[in-house]
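In what follows, subunit A forms one complex with subunit B and a second complex with subunit C.
== the complex of A and B ==
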């Protein structure tokens, strides 16, 4: 008979941790609580969160995708090149960017599920390939996507993530009143930027959590991570669903590429390595098991925000930006260790 | 063990669906009906028939083993959904239908479920079973055994206790426990230890 039940699930603990970290940094430096700082953290977080949502699927199957960081840069470079030098409309370039991600995801899935390569090795190779491909696509030059003030109007895609609300809007007053109470903002502003991207993140979170828990695809993904052979003997087309987990990961890396292009003025070839660790680390912090078979999307999103707050809060605590790498690596080690210790403790 | 039970040993020892079908058909044609023959056919159909794609070779009972672990891990937000899925698993296992056939029906169900669990446990010895840390590290035989015991507890006592369906699933729970304990005496101790640990959480 159960004596007592744990009130806190891992996800709830992480949610409390996010708030605690935010309040702690804000307590150490009041300017961390500014609306603009919050907006900046959200802007940076979009592409990490998108990568995190995507990589949750391979992680749940018991694998990993190390190519999402360099892949994201590669897709953004390809999309930017098409806009700048081939005259492709922005919407078409965005679509190609996402499809490029899907294609690399399918390659990863095929290598792992059909060819039988270990996920770590296969995606490490595609990580190198996408890094090289990015440079090939851009001719080793940095590629800027249109800015939000682009005179041709091509910068419209920025408004997907951040929209400007001016003082003619009734929404402006409501936002400035309620949001301003929590996150101080300049009272002289005649317009504010609303983090529309966060709304998309919430919607995607709900959609992907629904897919993971309530659809055949999601349930088979978890089943593969739980016991691949039993799932296969049950009659499930394991190879197909295993490939699909990587395709979804690639799709989200493609979406992350668009968010990245909207955030950064220019996309630099040769970058992106290490970004995947923030997304993977976030997923593990959020409770996704490193052996597969268990994980939630909301846990991943919260986990990524823990890392984002730690990384972006450091300069506000007087530590220089180089510490970001140290923090990311440490958080990842601690998260994996906690997962291993937890599993050992449960089985002892 | 009754003479009827011994007659059906061959059927319950076999794990391959096609071979089981052959044995089932032969045994049904050979001997007298102990009152559970129709139920055995129903169990076979429920376990191996993919209603959407009859040509597809499936083992739906085996899938339920994996699915029950997922139901066990569902968060509180999905409690109603979990209860609904557990009820559907009960239907798939023909738990209520067994009652119509009395003790012989329950015995047939118990042996069918043990056959399912045996097949599940066999998959737990494969090299791909729960590899550690992103699939990099293979599990030792000892780790696999501990994981298998954990799975066994979660798919039986764990999930049915969590959702208050222990009584409805008593045949299933007995089948899992006895199959686990029969294969390895140490497994019983591991199972009890794991259960005690869960009660403390």
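== the complex of A and C ==
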């Protein structure tokens, strides 16, 4: 029981760390505390957080998925192309985008669980494949999804992540805005930019954490990561559940693709590589074990926010982008070391 | 016997849930073969691991060649001249014999590895030991016995002053054991100190000068071999523990139905045309040397490894078993010899382990019914007398015997009728061992049927109703308990070799 307590405190430490980093940067540069800055950071974080939630599942099984970054761009390109050039309704394109992610996830899972490829290698290959496929889908052109001011009204999907317009600020404003977004019919409430996406993130976090700790799929995902052989010898259909972990990861890469399309005006083919590392890094900072068998969704989400704060906050302190990479890398090493020390302490 | 070369005094070591060593003493002289004896789980291997730096001791002193020492890893111990020949062989199968012997200290010619010199040196070693092995052969092509000889050659090449043999004879044939003893006598004549760990009473009388006995992680005493009888040693080993009375005749009625029938099972080199029957309420012992193919047979039967051919009938019905999932569906449960690797998920709770094979029963729609899980787990904790503060305890914190009970609970929750116990008491201390025996006898009385794979002759003779003997992947005999003797089993277990 003592162990459970210490694990809990790891996520608590990360939560405190998020607040500490935020306050520290704000102390060095007051403009960081600006409501719009905060909104920007939240906006840019949605797709990273979604990728992070997804990749937590393969990580817990002791694997990894490197294809989520380029995959996300690929799915966004495909979806955008359908809207722009094939006249597919936005809702259908979104569905196809997500299903594309699910399909690539299923490919990853099959390669790893059924064909027996090492996760690193299998997903490295699908990373290359999705990068190429993205360019093929778009004919190598940048594809813009409809903007939120699109005259045809196709930009409605942006409102999934935020509601628009106004300059009220502070927590009160944000709250009012969130409420407003939930009740769009009431015009008095919709006059502020509100991070509705964050509400979705919280809901997804709760849902996936619940799935991880209260369903058979979650239980077996963790068991595969702790001891795949013993799980198999207990008569569990390990192959199926192992594939499913990658399918869930693909699903979230698909969701991330929509968030990405909503955030960036145009989706550029050939990008996306490296984005998965921020998501994976966030999961690891958030206490997901690098060898599998342990991890939480809330840990991952907090971890991704640590990385996002560093990434977007350090420039406010006058540090250039290169330093911010160095610091993020160092934070990751510390997180992995904590994991190793924790495991060693349990063994001795 | 010469002067004292090594003294271990008051060695103490605890692991979570187990007090593995409780102030143990050991003294070794030059030119002596010193037996270290005790039941499984008595702490012999742990003591040797403390000596060679694999484990750190909690307290106590080690004096070697007059100086107090503490080794931090096997490399330091080797440098000082203490080497261990492990029970599990530490060889790299894909390298040659010579490469294995000089691994980590290869001869160099400039920046290149001097393979020729390594082969020459290996040849020299083998000549010294009067054994016939080709240094250029691939290690994985050698028999277990030959691999053991290589392990010994490697130990000697370290200019060892103390050599520890950890159950060297477990995998050897009679002829190979005789060769081994000749080598040990040579080493003794060269004034080396030798620690010999074994279960086999006969060997101890033949080869050793003194015997130190351990029990339950504690030191019992040291005897001079020629002044004591087998019974003296056994009494010291067993202590107060009263075992289940050995079976002298089968407890299975003659008309008991056959619950499992395996016909012409083939799965690679280790399982060749194995057929047997298991009857209701029976304990069918599987005996043989290490590497005889018993575990492989069990794994093929259970669907854990692919089989090339063979039919399996359960209660007279032909069944298809291609995966553990199939086997479990047909009511077969497998308790692995390597519990930590194949049996349990150590970092998870007793509850999660107990219900792992039976998740369906604990689902309310999509959700796991944690209350029901806990209730059932607690029921089995009580029924099997598992020692734990709660059902939430992580399995890693339990002792070996209690971990085994968790695995048994897993299959009982599943309501399996056929249980395969692979080395059921490996790594389990004496008291708990007997509890496992009692439990097995109780299960068969309740109508379960058990296949028990064991390398311990006493265990086989004590528990089985009938004994299947295997050698090199083939079934070489089947002996009813009434006719079973150690000699009869050994004869069949080594039949195909030499």
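Assume the second predicted complex is superposed on the first by the 296 of 348 C-alpha atoms of A that agree within 3 Å, B and C clash if a C-alpha of one lies under 4 Å from a C-alpha of the other, contacts with A are read in each partner's own complex, and residues count from 1 in each chain.
FYI, contacts are C-beta pairs under 8 Å (C-beta built on N, C-alpha and C of every residue); 3 or more make two chains touch, one makes a residue touch a chain.
Bear in mind the structure is a predicted one, so any value in this text is a computation, not a measurement.
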When subunit B and subunit C are modelled together on subunit A, clash or fit:
clash
Taking the superposition on A as described, I'd like to know which of subunit B and subunit C A:333 touches: first, second, both or neither.
neither
Between subunit B (first) and subunit C (second), which does A:215 come into contact with in this model arrangement: first, second, both, or neither?
second
Tell me which partner A:16 touches in the superposition: subunit B (first), subunit C (second), both or neither.
neither
Report for A:290: first if it touches subunit B alone, second if subunit C alone, otherwise both or neither.
first
More residues of subunit A in touch with subunit C or with subunit B?
B
So in the superposed three-chain picture, is A:223 touching just subunit B, just subunit C, both, or none of them (first/second/both/neither)?
both
Between subunit B (first) and subunit C (second), which, if any, makes contact with A:319: first, second, both or neither?
neither
Counting only touches as set out at the top, which of subunit B and subunit C does A:235 meet: first, second, both, neither?
both
Which partner does A:203 reach: the first (subunit B), the second (subunit C), both, or neither?
neither
Scan A:119 for contacts with subunit B and subunit C and give back first, second, both or neither.
first
Using the superposition on A, tell me which residues of subunit A are in contact with subunit B and, in the other complex, with subunit C.
1, 3, 214, 219, 222-223, 226-227, 229-231, 233-236, 293-294, 346, 348
Residues of subunit A touching subunit C in the complex
1, 3, 214-216, 219-220, 222-223, 226-227, 229-237, 293-294, 346, 348
Within their complex, state which residues of subunit C touch subunit A.
56, 302, 304, 323-325, 327-329, 334, 336, 341-348, 352, 356-357, 359, 363, 366-368, 370, 389-390, 392-394, 396, 410, 414
Parts of subunit B lying in touch with subunit A, wherever the complex brings them together
50, 56-60, 62-63, 65-67, 69-70, 73-76, 78, 81, 119-120, 123-124, 126, 128-136, 143, 146-147, 149-151, 161, 193-194, 197-201
Contacting residues of subunit A [partner subunit B, same complex]:
1-6, 9, 11, 59, 62-64, 118-120, 213-214, 219, 222-223, 226-231, 233-236, 290-294, 296, 336, 340, 346-348
